[in-house]
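Take a look at the structures below.
Both complexes below contain subunit A, partnered by subunit B and then by subunit C.
== the complex of A and B ==
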C-alpha cells in the first residue's frame, strides 16, 4: 500500500496488504475482463481472420497466406496505400501549419479568459457529428453550391471542389483542425514565459524566437498533435468518400468495399492489419522524435 | 525593452507589433469560421425551402422538419440512439470510475500494460475497430443487435470517462480517505461516503461526454448494428442516396443534442475546478 504518515500506521482499521484483496480486485478487474473480451479479443481475432479462407461465400478458419499474397499482388492495393499515406501526410502538414498561428495567438496574445472560452468552443465540434458537418461541406462545395454562388457574385468561378483532393483535405481539416489547435494551444501555454521574454530581451526577433525558443520547448506537444492528426486522417473514410470521390479509394474505403459488397472479410482484415502496422510504426517514430532530448549545441 | 533602440525605431516596432497582434486575432476568427461554418450552414438551410441548398436563400419553411417528424424510420433511429447512448454512458462511466480509482490508489505489477489496455481504443481508427467488432460479434453469435453497438461503444468511450474522473481524483487529498478509515469506516464505506461524492461532478461530466460520443459514432454502429439503425447510420444511408435537405433537419437536431451534451459535460468539468480553488 502507499506509504502514509506515521500516525495512520497505528490504526486498527488501516487496510492491510492481503493476498486476496477483494476490494482492490473489484475495482481492477471489470475493465480487464471487458477490454480483453471486447477490445483485445476482436483485434486478435481480426489478425487471425486475415489468414482465413472464403469458400462459397462462407468463411473457413484456416492458416493460409492467400489473402496476403492476393492483396499484395494487386496494384489497386498499393495505389490505395500510397494515396492514403500521402493524403494523411499532407493533412498533417497543412493542419499543423494552419493551426500554429491560431494556437500561438491563443497561447500568447489573448487573456486567459478568452483562451478558456476558445478552448471550450473548440472542444465542442470535436465531439459533434462529423458526418453531418461533412454533408454540409458537400453541399457548400458543390458545383452549384453556396461557395460557388458566393464567388460568382465577385465574378469568379465556378470551381470544381468536390471529388478532388482539395475536397478531401477540407474534410480532413474539419475533423482534425479543432483538435490540433487545442493540443497545440496546451503545448504552447505550458511554456515558461520567462524564457520567451529572455530571448526577447537578448535581442531575438519575434520570428526567430518562435523558431529557436518556442518550437523546441513545445516540441513534444506539437508532435503529439501532428500524430493525432495523422491517425485521424489515415483512418477516416467519410471525407475521401463524400468529398474526394473515392477514385482511387483510400484504405478505409477499401475495407468497407471488401467487407460490405464482396463478403471478403479476410481481405479486409489484411488491409486493416497493414493500416495498424503503419500507424504503430508512425506512432513510435513520432514519439521517439517527441521525447528525444536535444543534443547540446 | 531592448537596450539601444532609437525612439522612432521603437515606435515602428510597436506599430508592427500592433498589426501583428491584430492579424493574429483575425486569423483565429477565420479558423473559428471554418470550424463552425458547416454547423451554422446546416442549421440555416434546414429552414430553407429550396430543394438544393444554395444562396440566395429561398423562403422560410418547416417542411423538412415536418417530413422527418412523419417518418417512422427517423423515430425508430432516435429511439435506438437514445437506448445506445444512455446504456453506453452508464457502462463506460462505471468502467471508467473503477479504472480511475485503481490508477489513483494502487501500484501493481504490469500497471502500464493495464493502463495501455484501457487507454488505447480511441487511438485505433474506427473503421478498423468496426471490422474487428463485426467479425468478433458474428463469431460469438452476437452481431446485428443493439447491445453489440452498446458494448463496442463502451470500449471506445470508457477511456474518456477514465481520464475525466482521474483528473478529479488528482485533486483529492490522499489523507481524506485515510481519515475515513481511521474514524472506523470500512474501505467500502469510505468509497461510498468520501471518494464517490468527491468525484460526483466528474462522474456527471463523464456520463454526458460518453453519451455524446456514442450518440455521434457511425462507423462501428454502421458495421455492427444490422437492422437496428442509430441516427448517424440513418444519415449515412440517406446521404449515400442523394442530396436531401431533410438531412439538414435531422443534422440540426443531432447538433443540438450532441452540443448540449458536450457543453453540459464541460460545465461539470469546469465547475469542479472552480469549487476546488475556493
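== the complex of A and C ==
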C-alpha cells in the first residue's frame, strides 16, 4: 500500500529521487574518474615533486623549498618567464588583430555558404601535424629561402628570420591564427544584426560601429578566442625551439633543459607549477572580464 | 498648402525576384501622424526601412525636406527608428542607451547626460536610468527605446510595430503616450503596423498597403466607412461584401441585382481620381459594414433586406457578432451591442431579417 498525503492526495514517492541521482551520477562518473586519474592526480604529484630533492642523479621524496628558492633566485628563470609572457602576449595581440578583419568579413560580408566553406578550410590545417607545418616554414624563412628570394627582387634583404623572435611568432601564428579566426567568426556571426543597424540609424558610422557596438556585443567570444591564443602560445614548445632557436629559452624549453641537465625533475616541476598558476590566473581574469555584466541596481 | 516633408516618387524595391514595393507614390506632411497598415509582406516595413536608408530603393526617388535621400547613408540621416524588437543595446544601461545618438554626434558628456535624463524623465522611466535594460519590463524598455529615438530631436520619427510585443492594456496606455508626444513635439510620426486598432486610434491618416502598392490612403473614418476596393473592405473592419449586376443607373444611385435580392446603392465612391461610371449591366460590388445592419425577426417593410438563418454568434464583451447565411449560401455578419441582443429574440428557431439604409452601402472599385 502506498501512503497518501491527506491534504494533497499525492502518493508519497520518496525513493524515486534517490534512484534518479545514482542514474545521473553514473553518467558523470567516467569524466570524474578520468579527470581525477589523469589530470588532478598528476597535477598534485607535480606540485609535490617540486619539493623533492635530487641526490646522485636520483630523486628522493622530501619537503624542501630549496628548488623554489634556487629557481626564483636565478636570473635566467625570470628572463625566461618574461620572455615567454611577452611573446605569448604579443602573439595574442597580433593574432587577434590579424584575425579580426578576416572574421569580420566572414561574419558580415559573405554568404552563409561561403562562410561554411571558409570555416571548413580553416579547420584543415589541424589535419596535418603541427611539426610538419613548422618545418615547412624553414623553406620560406631560411636565409636562402623563398621569402628572401622574393625580397631580393625588390633589392631588399636578405634578412635573418629563422632563430629569431620573429620566427617564434610566425610559428605561434601557424598554431593559433586559424583557431582564433574560427572562434571570432562564431562570436561575430551570433550578433543581432538589428542592433548594428540600430546603431547606424542613430548616427553611428559603419567604421565606428565596429568598436561602438560590434566589439562590445561579441566581447565574450573575442576574449575567449584571445585566451585560447595565449594558452596555446604560452605553453608551446615547438615554435620557440625550431623557429626561435631556443635561445634565450622560453619556459617550455627551460623545462626540457632542466630535466636533461642532471635529472632536475623537481626544478622542472617548479617551472611547470609557475606556468600552471600563470595560466589559471590569466584564464580566470579573462573569463571574469568576458562574462562581466554591468552592475544593476 | 505647405510642402510635404517626405515624398516617395515612383519608388520600387526588389529583393532578387521578390518585389517588396511595386510602385509607391506618397507625400507625408510635416507634423502628420501617418500609419502604414497592411498584412505581413505588403511592403510596409520595407517602405519604412527605405526612409531610414537601411534599404535602398531599386527605382524612384525619396525626398525628405526637399533633399533627395536615395544615396544618403543611414548614419548621415536624422531618421531614428523605434524597432519592433526595440534593439536596445544590452551592454549599455538605460541612460547610456538614450545617450547613444548624442554620443555619435560627438556631444559633450555633460550635455548628453542631462538631455538623456530629461527624456527619461519625460517618458516616466528616470528612476531606471542606471538599470541594465535586460532587467526592465516590456513597457519600460519601450519608453527607453522611445527616449533613445527622440533625444536627438528629429523632425521625423519612424516606428516599426513598436507595440506588438506588449500586453493589451499596455498597448492602450502606450497609444496615448505616443499620440500625446506627437502632438506636443509637433514632429512627423510614420507608424507601421498590422493592427487596424492601433492605426485608427493614433493616426491622422492611414495608408493601407497590399502587395507592395497603396490600396487606399485617407483619414481613418474614410478607410473604415468608405473602403476603395475589395482588399481594403476585407482587411479593415467587418464588412459584408455583395456582388451583382447593375439593373438601372442614375446620378445618385445604382440598383444592383444580386442572388439574394435587389439593392439600392449610392454611386458616391472614395476614389475621386479614378471615378468610374457604372452603366446598366455592369458588375457592381458594394459593402455594407456589419455594424450598420439592423437585424429583426419580422420582415421589415423597407427595401434592402434579406432573409437569413443564424449560424453562430461571437461574444466579445460589449459587442456581439452574429454570423448568418442566406438561402443561396452568402454569409452575412452583423455587429451589435450586447444589450441590443437581449431585445432580439435570437434563441428561437426561424428566419432573421437583415436590413440597412441605402446610403449605408458603399460601392467598391476593383
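The rule is simple: the second predicted complex is superposed on the first by the 260 of 297 C-alpha atoms of A that agree within 3 Å, B and C clash if a C-alpha of one lies under 4 Å from a C-alpha of the other, contacts with A are read in each partner's own complex, and residues count from 1 in each chain.
In the analysis below, a contact is a pair of C-beta atoms (placed from the backbone, for glycine too) under 8 Å apart; a residue touches a chain by one contact, two chains touch by 3 or more.
In this text the structure is predicted, and so the values were computed from the model without any measurement.
J.: On subunit A, which partner's contacts cover more residues, subunit B's or subunit C's?
T.: B
J.: Taking the superposition as given, does A:213 touch the first partner, subunit B, the second, subunit C, both, or neither?
T.: second
J.: Which partner does A:138 reach: the first (subunit B), the second (subunit C), both, or neither?
T.: A:138 contacts subunit B only, not subunit C.
J.: Between subunit B (first) and subunit C (second), which, if any, makes contact with A:125: first, second, both or neither?
T.: Only subunit B is touched by A:125; subunit C is not.
J.: Once the shared chain is lined up, is A:200 touching subunit B (first), subunit C (second), both, or neither of them?
T.: both
J.: Pick one for A:237: touches subunit B only (first), subunit C only (second), both, or neither.
T.: first
J.: Give me the intersection of subunit A's contacts with subunit B and its contacts with subunit C, in residue numbers.
T.: 200-201, 203, 206
J.: Please output the residues of subunit A touching subunit B within their complex, sorted ascending.
T.: Subunit A residues touching subunit B: 2, 4-5, 8, 11, 13-15, 23-24, 26-28, 30-32, 34-36, 38-43, 45-46, 49, 98-99, 101-102, 104-106, 109-110, 118, 120-125, 127-140, 142, 144-146, 149-150, 173-174, 177-178, 181, 200-201, 203, 206, 231-232, 234-237, 242, 252, 255-256, 259, 265, 268-269, 272, 275-276, 279, 283.
J.: Tell me, which parts of subunit B touch subunit A in their complex?
T.: Within the complex, subunit B contacts subunit A at residues 1-2, 17, 20-21, 24-25, 27-28, 31-32, 34-39, 41-42, 45, 52-56, 94-95, 98-99, 101-102, 105-108, 114, 117-118, 120-121, 123-129, 131-137, 139, 151-152, 154-155, 158, 174-175, 178, 181-182, 184-188, 209, 212-213, 216, 218-219, 223, 232, 235-236, 239, 243, 247-248, 250-251, 254-255, 258-259, 261-263, 266, 270.
J.: Would you mind writing out the residues of subunit C in touch with subunit A in their complex?
T.: By the definition above, subunit C touches subunit A via 52, 54, 73-75, 78-81, 83, 85, 87, 89-91, 93, 100-101, 104-105, 130-132, 135, 148-149, 152.
J.: For subunit A, which residues count as touching subunit C in their complex?
T.: Its residues touching subunit C are 192, 194-195, 197-206, 208, 212-213, 216-217, 219, 293-294, 296-297.
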